[in-house]
Amino acid sequence: MQTIHRLDCDDAQRIIEAAKKHAEAIGVPMCIAVMDESCHLIGFLRMDGGKIPSITMAIDKCFTATGTQKPTQALAEPSMPGGPVYGLTSAHGGRFVVIAGGLPILKNGQVIGGIGVSSGTPAQDLEVAQAGVHAFGAEGA
Amino acid sequence: MQTIHRLDCDDAQRIIEAAKKHAEAIGVPMCIAVMDESCHLIGFLRMDGGKIPSITMAIDKCFTATGTQKPTQALAEPSMPGGPVYGLTSAHGGRFVVIAGGLPILKNGQVIGGIGVSSGTPAQDLEVAQAGVHAFGAEGA
Amino acid sequence: MQTIHRLDCDDAQRIIEAAKKHAEAIGVPMCIAVMDESCHLIGFLRMDGGKIPSITMAIDKCFTATGTQKPTQALAEPSMPGGPVYGLTSAHGGRFVVIAGGLPILKNGQVIGGIGVSSGTPAQDLEVAQAGVHAFGAEGA
Amino acid sequence: MQTIHRLDCDDAQRIIEAAKKHAEAIGVPMCIAVMDESCHLIGFLRMDGGKIPSITMAIDKCFTATGTQKPTQALAEPSMPGGPVYGLTSAHGGRFVVIAGGLPILKNGQVIGGIGVSSGTPAQDLEVAQAGVHAFGAEGA
C-alpha cells in the first residue's frame, strides 16, 4: 500500500482565492482550476468576464502541469516539430496544453496537485498561477 | 439585441459556500458545480472525500438542470421507457442526468444559472443543492 | 493537505494473479483490471481467450466500483426505470457498468482501490473479482 | 481462412516483467502496455510513481507501434509539417503517438504484438520498451 499526500479542499480554495486576487490586481478576469495529485479537479472559478474556451483551457493546463509534473510552458519547445515529444499537443485527446499558465504544486519535492489559469495572455496566466502557488507556500515549478 | 441576466462569480462562490456548509452539517462530502445561464461552469468544489465520478456527475447535473430549466429529478419519469422524452438519458453524449441533485436557479421567473451536487444519496444531493439555491435568495425549482 | 492510502503496484499484481488463478480453476478466460483509489489503472491482464469488449468492460466495472465505492451489481436495481439513480448506466459517457464483476477494495473502512472482471457470466466475473480481493486480505464489498 | 500468430498472456506478462526490471534498474517508474497484433490490450502495469497521463500515453504508443508496425519515433519525421504523413498525430482522435517508447514485436518478420512505455524521457521510455522486447527474444524494431 502506498501513502500519498495531496492538496485538500481548503488548500484549493486558498490557492484559487490568491490567484483571483492577483488577477483582479492586474485587471484580467481569469479561469482558475486546481487539481489533486491524481489530476482530478478539486476547485474551479471563472471570474466575471473570463472567456468561455478558457474554462477547458484552465482545466487542461492544470491536467498537463499536474500530470507531467512540469510547468506547461516547459513543454512548448520539446513538443515542436523536431523536438523529442513532437505530437504531444494532439495526444491524449488534445488535453495536453503547452501554453504558459499551468504549474505543478510541490511539497518536499513531491507533486501534491497543480493549478491552471487561462483567459489573459500566457504571461498573465502564468503570473496568476504563480500567485496561487506562492500563497500556498508550496515550491513553485 | 438581448439583455441577459446571469449569476456572477460572487453569487457562485456564495452558493457553493452555502451548499458546502449544508454538506458539512449532514456529514457528506460533496462535489458542487455552479453554471451560468449559458450552461458554462462558473465555480466547482470537491470537498475532501467527494467521489471521483461525482466530479462529472455534479457538472452534468448542473448542465441538465440549467439547460432544461428543470430540476434533474423532474426528468426521470418522462425519460423512462414509454415516457415522452424516453432516450434523453443517453442523448447528448450521456450528459443529461435525471438523478436528483441538479436545480436551475431563477430570478423573476428567468433561469440565471444552475447548481449540480453529487456524491451522496440522490436525496442528500438534492437537499445540498437546495441549500445552495436558498442561500442566494433565488426561487428554488 | 490530505494523506491518502492506495494500492501499490505489487498489490495490484498480487490481486490480478489471484483472480487469474481462480479464472483458470473455473476454466473461464477473463479480463482483469485493478485501479487505485483515484480510479486510475494500475494493472490489467487479458487471459488467452478473454473477449475483446471485455477489455473495456473490466476497466469500466473497475471504475464504477472504485468510484462509487460499491459492488457494481449493487447499482443495478437502483438504476432501473423508477429507481433513484435511473439513468446512471448512460451517464459519464456510459462508463458506469452495473453488471456484477466490479468490487471496491477497502482497508480499515477506506476505499484504497478496486477490481473489475469481465468475460464470463456476471456470476463468474464476480467470483473471480472476489478471489482477487480476498487474496489481498482486504475487506470485500 | 487466415492463421494468425500473436502474443499470448504469458508472453505479455514476461515482456512487462522485463520492462519493469529495466525501469527499476534505471530508477524511473513507468507505465507499460502490451497489445496483441489486433491492437487490443493484453497487459498493463503502472509502477508506483508512474505518471497519470502516461497511462494513456503508454497504451497509445503501443497502439501506434503495433498498428503501424513501426517504432513510434520512426513516425516523428514523416508526420512533421511538409512530411508525407503530416497530420498523423492528430488523426484517429489523437491516438497516434510519434514519441519514442512504442515498438512493434515481430516473429519471423510478422508483427505479433507491441509494447508501449511512458513516464520517463523519450529515450528512457524507448530503452525500457526495448528491454521488454528483448526479453521475449523477438526481433526488435
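A, B, C and D label the chains in the order they appear, each numbered from 1.
We adopt the following convention: contacts are C-beta pairs under 8 Å (C-beta built on N, C-alpha and C of every residue); 3 or more make two chains touch, one makes a residue touch a chain.
Note that this is a predicted model, so its numbers are computed, not measured.
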>> From the mean C-alpha coordinate of chain C to that of chain D, what's the distance rounded to whole Å?
In response: 26
> Which integer distance in Å separates the CA centroid of chain A from that of chain C?
Replying inline: 32
> Taking each chain's centre as the mean of its CA atoms, how far is chain B from chain C in angstrom?
Replying inline: 29
>> Taking the mean of the CA coordinates per chain, how far is chain B from chain D in Å?
In response: 42
> Which chain C residues touch at least two other chains?
Replying inline: 2, 8, 38, 40
>> If every chain is a node and each touching pair gets an edge, what shape is that graph: line, ring, star, complete or other?
In response: other
> Among the chains present, which pairs are found to touch?
Replying inline: A-B, A-C, A-D, B-C, C-D
>> Can you tell me which positions in chain D touch chain C when the two form their complex?
In response: 8-9, 12-13, 38, 40-48, 52, 55
> In the complex formed with chain C, which residues of chain A make contact?
Replying inline: 1-8, 11, 36, 38, 40, 107, 112
>> Residue numbers of chain C touching chain B in their complex, please.
In response: 2, 38-39, 63-64, 66-69, 81-82, 84-88, 90-96
> Touching chain A in the complex: which residues of chain D?
Replying inline: 48, 51-54, 56-57, 60, 76, 79-81, 89-90, 93-94, 96-100, 121-123
